[in-house]
Amino acid sequence: MAGNSFGTLFRVTTFGESHGKALGAVIDGCPPGLTLNEAYIQEELDKRRPGKGKGETPRKERDRVEILSGVFEGLTTGTPIALIIYNEDPQSSAYESLREVFRPGHADFTYYMKYGIRDHRGGGRASGRETVARVAAGAVAKRLLEEYGIEVHAYTINLGGIEAKERDLNFVYQNRLFAPDPEAYEKMLQKIEETVKEGDTLGGIVEILAKNVPVGLGEPVFDKLSADLAKAIFSVGAVKGFEMGAGFKVAYLKGSQNNDPITKKGFTKNDAGGTLGGISSGQDLIIRVAVKPIPSHRLPQKTINLHKEEVEIQISGRHDLSAIPRIVPVLSAMTRIVLADHLLRQLALLAFRNRLSFPCFFED
Amino acid sequence: MAGNSFGTLFRVTTFGESHGKALGAVIDGCPPGLTLNEAYIQEELDKRRPGKGKGETPRKERDRVEILSGVFEGLTTGTPIALIIYNEDPQSSAYESLREVFRPGHADFTYYMKYGIRDHRGGGRASGRETVARVAAGAVAKRLLEEYGIEVHAYTINLGGIEAKERDLNFVYQNRLFAPDPEAYEKMLQKIEETVKEGDTLGGIVEILAKNVPVGLGEPVFDKLSADLAKAIFSVGAVKGFEMGAGFKVAYLKGSQNNDPITKKGFTKNDAGGTLGGISSGQDLIIRVAVKPIPSHRLPQKTINLHKEEVEIQISGRHDLSAIPRIVPVLSAMTRIVLADHLLRQLALLAFRNRLSFPCFFED
Amino acid sequence: MAGNSFGTLFRVTTFGESHGKALGAVIDGCPPGLTLNEAYIQEELDKRRPGKGKGETPRKERDRVEILSGVFEGLTTGTPIALIIYNEDPQSSAYESLREVFRPGHADFTYYMKYGIRDHRGGGRASGRETVARVAAGAVAKRLLEEYGIEVHAYTINLGGIEAKERDLNFVYQNRLFAPDPEAYEKMLQKIEETVKEGDTLGGIVEILAKNVPVGLGEPVFDKLSADLAKAIFSVGAVKGFEMGAGFKVAYLKGSQNNDPITKKGFTKNDAGGTLGGISSGQDLIIRVAVKPIPSHRLPQKTINLHKEEVEIQISGRHDLSAIPRIVPVLSAMTRIVLADHLLRQLALLAFRNRLSFPCFFED
Amino acid sequence: MAGNSFGTLFRVTTFGESHGKALGAVIDGCPPGLTLNEAYIQEELDKRRPGKGKGETPRKERDRVEILSGVFEGLTTGTPIALIIYNEDPQSSAYESLREVFRPGHADFTYYMKYGIRDHRGGGRASGRETVARVAAGAVAKRLLEEYGIEVHAYTINLGGIEAKERDLNFVYQNRLFAPDPEAYEKMLQKIEETVKEGDTLGGIVEILAKNVPVGLGEPVFDKLSADLAKAIFSVGAVKGFEMGAGFKVAYLKGSQNNDPITKKGFTKNDAGGTLGGISSGQDLIIRVAVKPIPSHRLPQKTINLHKEEVEIQISGRHDLSAIPRIVPVLSAMTRIVLADHLLRQLALLAFRNRLSFPCFFED
């Protein structure tokens, strides 16, 4: 049943299938008075658009976003902001041969068993294409966070086993893999070329960095900032792992090593990854996300069909070689949506602590 | 603001602080007609009780649970089940010296900054003790899941760097570390002994295994089963990483390696970890959780106090050496709470698909 | 902040302003496998379309609904159903003179004070036009309820003080006021004619009748069926009163008069209006709703403007004389949305009580 | 399924049955730093305690509230406030004869059909006794609202057909019926005396008045302040009608009569009842609530039992003659809970509009 909304005060609802008429998002709870236009949102969408690189789908998606509501004379009004992106190039015919087959690694089987029916065209709602709506919504969150100076960056620190050593944020936005390390970037390109030849696909790891996050975001005990981030990130298809700060390495650390000492000037290191007790500490948020290889490779695969017959399939069509780099702006978007929501939640508390007064209009 | 509830149809709300009067949980949405009594819940609570082992807090907590509502003549009635555990041995005086100090690695600083006030006694609401209410609520979820044959196990696969090779579920319940490997267990005990001597603490990794999970649990796109599990697990203090199936290893796998082939008899392997597109596939759920070392070690630590003075502290008092093993039943509990909720959500859908009829009482 | 969604399992989110680009609804949680097309939804929308009658706005709204997602090959898929209605005839210029004025009886003042900004064109989000999205969403709920034989009717039992004595459901759908009484209908038309001449507007009372509602819908204690109906109905602009069964008359009844006796064949009367303890009893739901006169009459009115100056205004433009009859299908729609949601919620419970089994696919 | 929580940021969850061990509430989202103690809450509880008057149950309930969590050294901490009231005098034996009978006007039949089981003792969860938890939670909301000078009053304007003409708020708290009119009060007492003799019970109407409500509370379009109030009030057992301002009289008013003109000094009258477009206008909230007669009168009643046999019953035991006056503080409590929630929701928006800054701790 209902599961396509996210957030409490800043609430995003998305809709749309890979080969349906349109995808979109309704952002409910965006405060009024923010400048917002389509160009601003488009800039984020363009980051996840397939390009012309090796290993990227040649599907043509201009992905033009349109604002349908919630903005008046260039400013948000406080009412729901509906964003729509029409599907322009849905070549469904390529999927006709897969209509009755469950592709391994995809959600074909689980959707069919859950619903007793499925839109087989390109994965339907389970397609990565669904994330276009998240990125559009995330752009609104970005606009909101700018008012508090909060920045979110995401970049590819591992692609197909090639690890980035450096963290050069400028370089991130200058290469089409969002790699933070020029040397690793070259090796990643090579790896891609090899893998395309093999007809196979690659996984990787994305790091998310949020700067200038105020202290105090997150609600004990279930709606911790860290917990809501984990949910947000894990709700993105292809994600198989999530860690903060030292992450899985904590198994090998002692308390005396793992604790971040505190001085008058702040924490001296950041193994926590930006939260303590699940509440933001004012340090940078540091998150790493494991992304599985795209299941639609070109090699033969064993599976079954609706009639319970075992078959061997070979997937053609327009597919990416890796969810990376297109997942990178999606992960930024989800991080921003969580931060926008928790920013507003904590503002309610702070406003009360400050006994913030309500505006009056009438003469006494 | 509000953040102490979890779930949609099976909804758990918890309350209580480490050194307050009582901790408890309200379980709203438990179906009627289930046998339930205090002994059943107590059995789960006893699993997280501090024992007499090396490295475990000598704090005496009988943790007697009492059912206050929602059960009548031994059966659940469908109304909220309130569970209470009174605190019996709150020695707050040990914390008096820490009243104005922010302990590194704890939530002292973030709670203070968030709320402008804190209950300094043993971490207050941020204490691991909070999880007693989760375990009590998880016992109710366990009772519900039994009706569908769903089992959840959790066990320590890494403590302080010592890795378990084996997965012997019988052994898990025969040792006080919930280790699944007798050999690793012995080494873990040794590691504990050493670390106690050092005055330090240990982290580790817990694996969660859920068996007999029906296919179809989880709601696209935000309320994926995997996403709700990530949130549930990450809402537990000390958790710094969460992965499913192949987890972070997917970065090194190709699509042809990572996909799980499907035959008439089911999947031939389980790199997915039990979900596809975030929806349960009928395979076992396999989750791994990184647990940081307890921040309250006995070595000197640098920090600051409320007056912004830099101080060196040394923590005494009754503390565990590791969140493991006590966190293990907590992780099982949270997993069960998620599964109970999603079971009911999917039952609504299936009931409609089956046009399940409503009972009638009157003659026509 | 966020407040444009309604429901738990069957969840409706709406967006759009009176003179914006489009209005729409996202229905999340509609079960799969239902036949649904645009013609079906259009039929409901046409019921709230302004006609050519006296006292109705001449604004031309074809209000063509388009299904953007969630339906594949004529069947719902279980994923979000997005519906859109583009605004075709938004003559905003008529509102230019009201840009800085707070119209009495409208939400101009409260929106301005809440948001510090407002879309003044035709009331923006506060316009009655917003309800077009509710009616579209309600059509999906109607389709769902049909599967269980549940019917909702609404009709005008009082317009401008003219009371309907009869309850002729056939006649309801044969007159443009949804009046259930031919005699009262004639008098209402007369009243309308008079009031148009005066330049004034009328209020009234709508009755809602839901038939074949199964017993057991509604969740104690806050999410009672009756409570959720009260909220749903009171969320419609212009509603100032809500009562069930005997309603406000209960003040004059004794317990021995008000109780509905029960026999083998059912209840012998229905003063309760279809719920006991807030849970449906299997009797018809009977609700009455007070609808205030449209505040945009044509007589001079005293008010103030943004600059705190007292002004006298006279509203021209295209306005209805009464929210009735256009509110009638809106009230049916909201009632259906509540019933669809609670039907699914109770189905989850019944499915568990029946230990409904999950489908299997693989050979053992 | 789950339905025992209310509110978004200020969230109340209640539990407990009439003859169970205890009743209670968990208030999640109460801001930190408020003074709060048991005496303060007790004062509210004492208002709904059965007294020694004619027509009131002689059941002895001291209803001592205990704070279990969320308050430290006399101040709220921001964490969940759990309140408990143990049942001291549950004489269940009186209900033994009713174990298999469905009492007319009660929820016996609907609970049985919904759950397939019921706690027959005193109505179980459907008992008016459930409201003790609401009053306790409402006291916390009261404490919060005091900080903004918001006051809620409720009083009996009709009991058994006797109408109050006056609105003397001082007198309200000086008589045990919460009547605002000394003359009507005397007549009400007389009416009670007569009705007790008849063995019958009475309904009535309660008016709620909220003063100093800031402008801007309520979220379009579904979470209007008015809509949430309607739900809150209708979630109280025995309520059959809810209206605001002119209420059902709007059917007889023209737009020119119903609109409230606006001047520099504010609105010149209040037919709206305090909201426009569902958002508070800064005027007093005025609500009227229809309360049905207690169904447990002492006259013979026709009904059926579990075995589908028609029986005649006569209810003895300790019962009130009317839900009034005990429902009066319950209605105040629910109103306060809604206002506290919406106050915090609007504070989040205002805080953002003001770019309220977050506290810093560290040196630059």
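By letter and in written order, the chains are A, B, C and D; residue numbering begins at 1 in each of them.
The criterion applied here is as follows: a residue touches a chain if its C-beta (ideal position, glycine included) is under 8 Å from a C-beta of that chain, and two chains touch if they have at least 3 such contacts.
What you are looking at is a predicted structure, and each value in this text was computed from that prediction instead of being measured.
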item	value
Reaching chain C from chain A through chains that touch each other, fewest steps	1
Given chain A and chain D, the chains that contact each of them	B, C
Farthest chain relative to chain B (centres taken as mean CA coordinates)	C
Whole-Å gap separating chain C and chain D, where each centre is the average of the chain's CA atoms	26
Interchain centroid distance [CA atoms averaged], chain B/chain C, Å	44
Gap in Å, rounded to a whole number, between the CA centres of chain D and chain B	36
Multi-chain contact sites of chain B, meaning residues that touch two or more partners	1-5, 8-9, 14, 31-33, 78-79, 109, 113-116, 125, 215-216, 220, 264, 282, 308, 344-346, 348-349, 353, 359, 361, 363
Contact graph of the chains (line, ring, star, complete, other)	complete
Complex interface listing, chain D residues touching chain B	1-5, 7-11, 13-17, 20-24, 26, 28-29, 31-33, 66-70, 72, 75, 77-82, 84, 109, 113-119, 121, 124-125, 308, 344, 359, 361, 363
Contacting residues of chain D [partner chain C, same complex]	1-6, 14, 102, 104-111, 113-116, 125-126, 130, 158-161, 195, 198, 200-205, 215-216, 218-224, 226-235, 237, 239-264, 268, 272-273, 275-282, 288, 290-297, 299, 301-304, 308-310, 345-346, 348-349, 353
For the chain B and chain C complex, residues of the former touching the latter	8-9, 31-33, 78-79, 144, 147-148, 214-216, 220, 264-266, 282, 343-356, 358-363
